[in-house]
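In the two complexes below, subunit A is the common chain; its partner is subunit B in one and subunit C in the other.
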Partner chain A sequence: MKILTTVKKVVDVELNIKVNDGAIVEEGLQYVINAWDESAVEAAVQMKENHGAETTLVSVGGGDNTDVIRRCYAMGIENGIHIEDPALDKADSSIFAKVLQKVYEAGNYDLVITGKQAQDTDSGHTGILLAEYLGLPCVSNVIGIEVIDEQHISVSRAGDSGTEIVELSLPAVVTVDVSINEPRLPQMRGIMMAKKKKIEEMDLAALGTSPDEVGAGAPKSEIIEFMESEKRKGGQKFEGDAAEITAKVVQLLADEAKVL
Partner chain B sequence: MSYPLNDEQLMIQAMVREFARKVVATTAAERDRTKEFPADNLKQMGELGLMGMAIPPEYGGEGADTVSYVLALSEIAYACASTAVVMSVHNSIVCESINRWGNEEQKKKYLRRLARGKVIGAFGLTEPEAGSDPSAQTTTAEKDGDVYVVNGTKRFTTTGKNSGLVIVTAKTDEAKKHHGISAFIIEKGTEGFIVGREEDKLGLRASDTTDLIFENCRVPAENLLGKEGDGFKIAMTALDSGRIGIAAQSVGVAQAAFDAAVKYAKKREQFGQKISKFQGLRWIIADMATEIEAARQLMLSAAAMKDAGKNFTAQASMAKLFASEMVNRITGKAIQMFGGYGFTKDYPVERFYRDARVFTIYEGTSEIQRLVISNHILKDKRKP
Partner chain C sequence: MAKVLVVADIKEGVLKGSTAELCSKAKAIGAEVAVAAIGSSIEPLIPDLARAGSDTQYISDDPGLEAFSAGPYASCVVEAARQFGADMIWFGFSESGKAVAPRVAAQLDAACANEITDVTLDAGRIEVVRPAFTNKVVQRVKANTDKLVAVVRAGAFEADEGVTGSENVVKLSAPAPDAKAVVKQIISDATGDIDLADADIVVSVGRGAKNQEGVDLVKALAKDLNAGFGSSRAMVDGGFMPHNKQVGQTGKIVAPSLYIAVGISGAIQHLAGMNGSKVILAVNKDPEAPIFNVADYGIVGDLFEVVPILREEIKKVRG
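Up next is the complex of A and B:
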């Protein structure tokens, strides 16, 4: 079984992100591996260990992604591809999915595992669009993968009303939630091996496509402006007699919060 | 930081930082209280490859360079100095000594187990009457056929109780003074090898420090490390590496104290403003940061010299001297910034302060480091 997994390098949203004139202030930003993609990588590595799958990772854009790809190597991924092209500067989810489609078609994969979303834009489009462009079955929000045989897998997904079990014939695309696993820390041995592995660096031409073909000339969506989210108002603190406070709180819940 | 780290070193640092802060740090305060040995941490560190970092891959280690090692050790020390000292002695002193001085059989027999953390190593040099002057030691090893009979007492042995093997120095020829000292690999369970009193210490409380008593302990002659008379040289070489490790430990604890103090200063309000807004504290913060950075550069410089195959004895001593003195100043200032809260166990800085105190003492006191450094400069080696 050949597995393609995807990784996006994203801004570390745990840190304080500042906005100035509708743009994110680049200074002081740090970049990390998208947490959902890290779970996708872990899922792929587990399938390699348990079922002998061959694992390939692809990362599109993001500038120098060497550190992220090497970390995935250290976790156990075997092959790495990085697609970088100036035409991808303003790529949206659709363009990323088109590029991934080309990577998929060049590699004859059985299964694509992506994170269900990325913590920078949280749009959650790319994996599903990729399946659409490839005409493959897709299950999103996956929290468990079991291999039935070389042609079939069973996945569990967190649905609106409970866990859904879906059997899929391969090839297929799954997008995983972070709750699917606890990604391993790379071991020293993996880190030492990772430095010896090559990363296949490609632009769109090397991938056998063009900016026009993937739609890079006219992105379907565009980020116009960033805004800082409103700061939460402070809560109210009540002190004094318990009975009086209770009455006051009930009144406020009814009159102001309008929840009673 | 200006020192250029390569991708591999940065990855190792990032991996250990994540592990240390997620796993090791969470139990550090509790283990400080209970004195529970960090066996779980060390087991996971063995699996991650942190217990045989410099051991070549053919003996089950990772073949990492010294710069990577000190970065990793600093991160562990940031989270728990007790765990770090076990890692330091095990890697810098025990694994390195066997790798450097051991014969093929010894390397095959011991290094793989040490590298996986299946066995923790200790080093017995200090004795009740032989601290800074190790040549005054009185432990003896007398050849008797195919064994050496070891008699004597070692003191302040890090991981004395929880280690699986100890490199022990003993005199095989009294007349030759320090040239008559030899080193032996002695496994736990060897008859006549007794773990003695465990010290009740100010800091590093989750790391056991014990006496080791040898009563007619019959050690196979094949466990002689190096040749007869190599023991002093083995110990001194080991300490060179160990001292870079103590510098790393100092940098890690200092950074932890500094980060805690800065976080507190940005939050604590007095006289209507955050205390970080007072110039008096801002200058202290600037001085602390500068001192930590200077120690880090000395640590990395000594490590890089070792990696380059140069003589790093003086640099290791300088790094150890400066970093260990530095961390005592930094942890003291951190408590001062915390005020009364810093004196309580509600915050970690009092633990950092206690843990750091021994750094200017073990693996060569600050005074011994000055002796090493001045001897290196003046080249007229003299008695203290």
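Up next is the complex of A and C:
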């Protein structure tokens, strides 16, 4: 079984993010592997260990992704591809999905595992769009994967009214939630080996496509500007005798906030 | 006149409040409004669909549509959108909406936006506002296409009591089931609890509850208040709470009148799921917990001591 996982390098959202003149202030930002993609990588590595799958990861755009890809190598991923092209500067999810479609078609994969969303855009479109473009079955928000045989997997999806158990015929695309696993920390031996591994770097031409073919010049949507979000302020905080302050707060909820 | 197709949010045979919210917003921007309703035995909901504010109802009612399956559901929405000539297709905030919206966008060659909090339509130009970077900033996005598919963030729009619609039913034939993604089973977690998405009050439990005893204590408070009972990620990972009760960026996004966070420190992923609440009360024994930075009212104290008192005092004021 050949597995393709996708990895995006994203802004660390735990740190402050500032906006100036409609744009994100680059200074002070740090970049990390998207948490959902890290779970996708872990899921792929587990399938390698338990079922002998061959694992490849691809990242598209984001500049120098060497650190992120090496981290995934250290976790156990075998092959890494990084696609970088100036034409992808304004890419939206549909363009990323078109590029991934080309990667998929070049590699004859059985299963694509992506994170269900990225913590910068929080869109959750790319994996599902990829499946649509490829005409493959797809399940999103996956919290468990079991291999049935070479042609079938069973996945658990966190749905609206419970856990949905879906049997997928391969090839297929799944997008995973972070709760599917606890990604391993790379060990020293893996980190040392990862340093020696090659990363296949390519632009759109090397991938056998062009900016036009992936629609790079015509994104379906464009960000006009960023704005500060409305920040809530902390209100009244009470410390002291539990009985006294709790009674006080309940009175405020009833009389001042009028929500009881 | 612009046309908005609202995809009805139906759960266990009941039409959810988000449908009326979306229809009201669509009418407020001057659009003609239709709904697409998908499921099994949903025809009794037609009067509710009209009352929610729609003037046309595209109904896909088939036993094969009882269990959610993204492929066939998307086919129903695409068919309704084509027949109606929709400029925009809006989904309420749900896992099924998030799964179906990109498929519909791909099939209609439309732009797609998740978690929108506002939308404008001016001379055919569609713009939306939505949070980004785990709700730390917001972004204004324009569609470069004449069609947009969007999932609306929970609590973004309000239902207008004055808005109503009329019955004009179009029945759609059922699509073929997805032979390559077969739903084998749904392990329901309908436990008779109040649905988090609908609850006027939500009580959530976090790591501070420590154990099952703590969870049960906070759950009793939720029950007293007839509130939805949610959770931080820590308690889901710890096996104390089911996955579908997790409030946060990766789980449910809620915007109740009152949100009570008990023993929750307030990681940004959790805040992103509840900071649209009208009033927030936090109970935490750490006075420096980040949850107090967003809470309107804060009680610094041990939840095992505070929650029983809270229950008593609430009973007193509610009579």
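We take it that the second predicted complex is superposed on the first by the 234 of 260 C-alpha atoms of A that agree within 3 Å, B and C clash if a C-alpha of one lies under 4 Å from a C-alpha of the other, contacts with A are read in each partner's own complex, and residues count from 1 in each chain.
The working rule: contacts are C-beta pairs under 8 Å (C-beta built on N, C-alpha and C of every residue); 3 or more make two chains touch, one makes a residue touch a chain.
Treat the numbers as computed from the prediction; the structure is a model and nothing was measured.
J.: Contacts for A:195 in the overlay, against subunit B (first) and subunit C (second): which applies, first, second, both or neither?
T.: first
J.: For A:124, using the defined touch cut-off, is the partner it touches subunit B, subunit C, both, or neither? Pick first, second, both or neither.
T.: It touches subunit C, and subunit B stays clear.
J.: Touching A:74 in the superposition: subunit B (first), subunit C (second), both, neither?
T.: In the superposed model, A:74 contacts subunit B only, not subunit C.
J.: Which chain, subunit B or subunit C, is in touch with more residues of subunit A?
T.: C
J.: For A:260, is the partner it touches subunit B (first), subunit C (second), both, or none of the two (neither)?
T.: A:260 sits against subunit C, while subunit B stays out of touch.
J.: Does subunit B (first) or subunit C (second) touch A:42, or do both, or does neither?
T.: neither
J.: On subunit A, what residues does subunit B touch that subunit C touches as well?
T.: In subunit A, nothing is touched by subunit B and also by subunit C.
J.: For a test of understanding, state which residues of subunit B touch subunit A in their complex under the given definition.
T.: Listed in rising order, the residues of subunit B that touch subunit A are 7-8, 10-12, 14-15, 18-19, 47-50, 53, 57, 62-64.
J.: Mind pulling up the subunit A residues that touch subunit B in the complex?
T.: Where subunit A meets subunit B, its residues are 66-67, 70-71, 74, 185-189, 191-192, 194-195.
J.: Would you tell me which residues of subunit C are touching subunit A in their complex?
T.: Subunit C residues touching subunit A: 11-12, 67-71, 94-96, 98-99, 101-103, 105-107, 109-115, 127, 131-145, 178-190, 201, 233, 236-237, 243-244, 246, 249-250, 257-258, 268, 275, 278-281, 287, 292-302, 305-306, 309-310, 313-314, 316-318.
J.: If you look only at subunit A, which of its residues touch subunit C in the complex?
T.: Interface residues on subunit A, with respect to subunit C: 11, 13-14, 17, 19, 24, 36, 92-94, 117, 119-125, 128-129, 132-133, 136-141, 143, 154, 157-169, 172, 177-179, 218-229, 232-239, 242-243, 245-247, 249-254, 257, 259-260.
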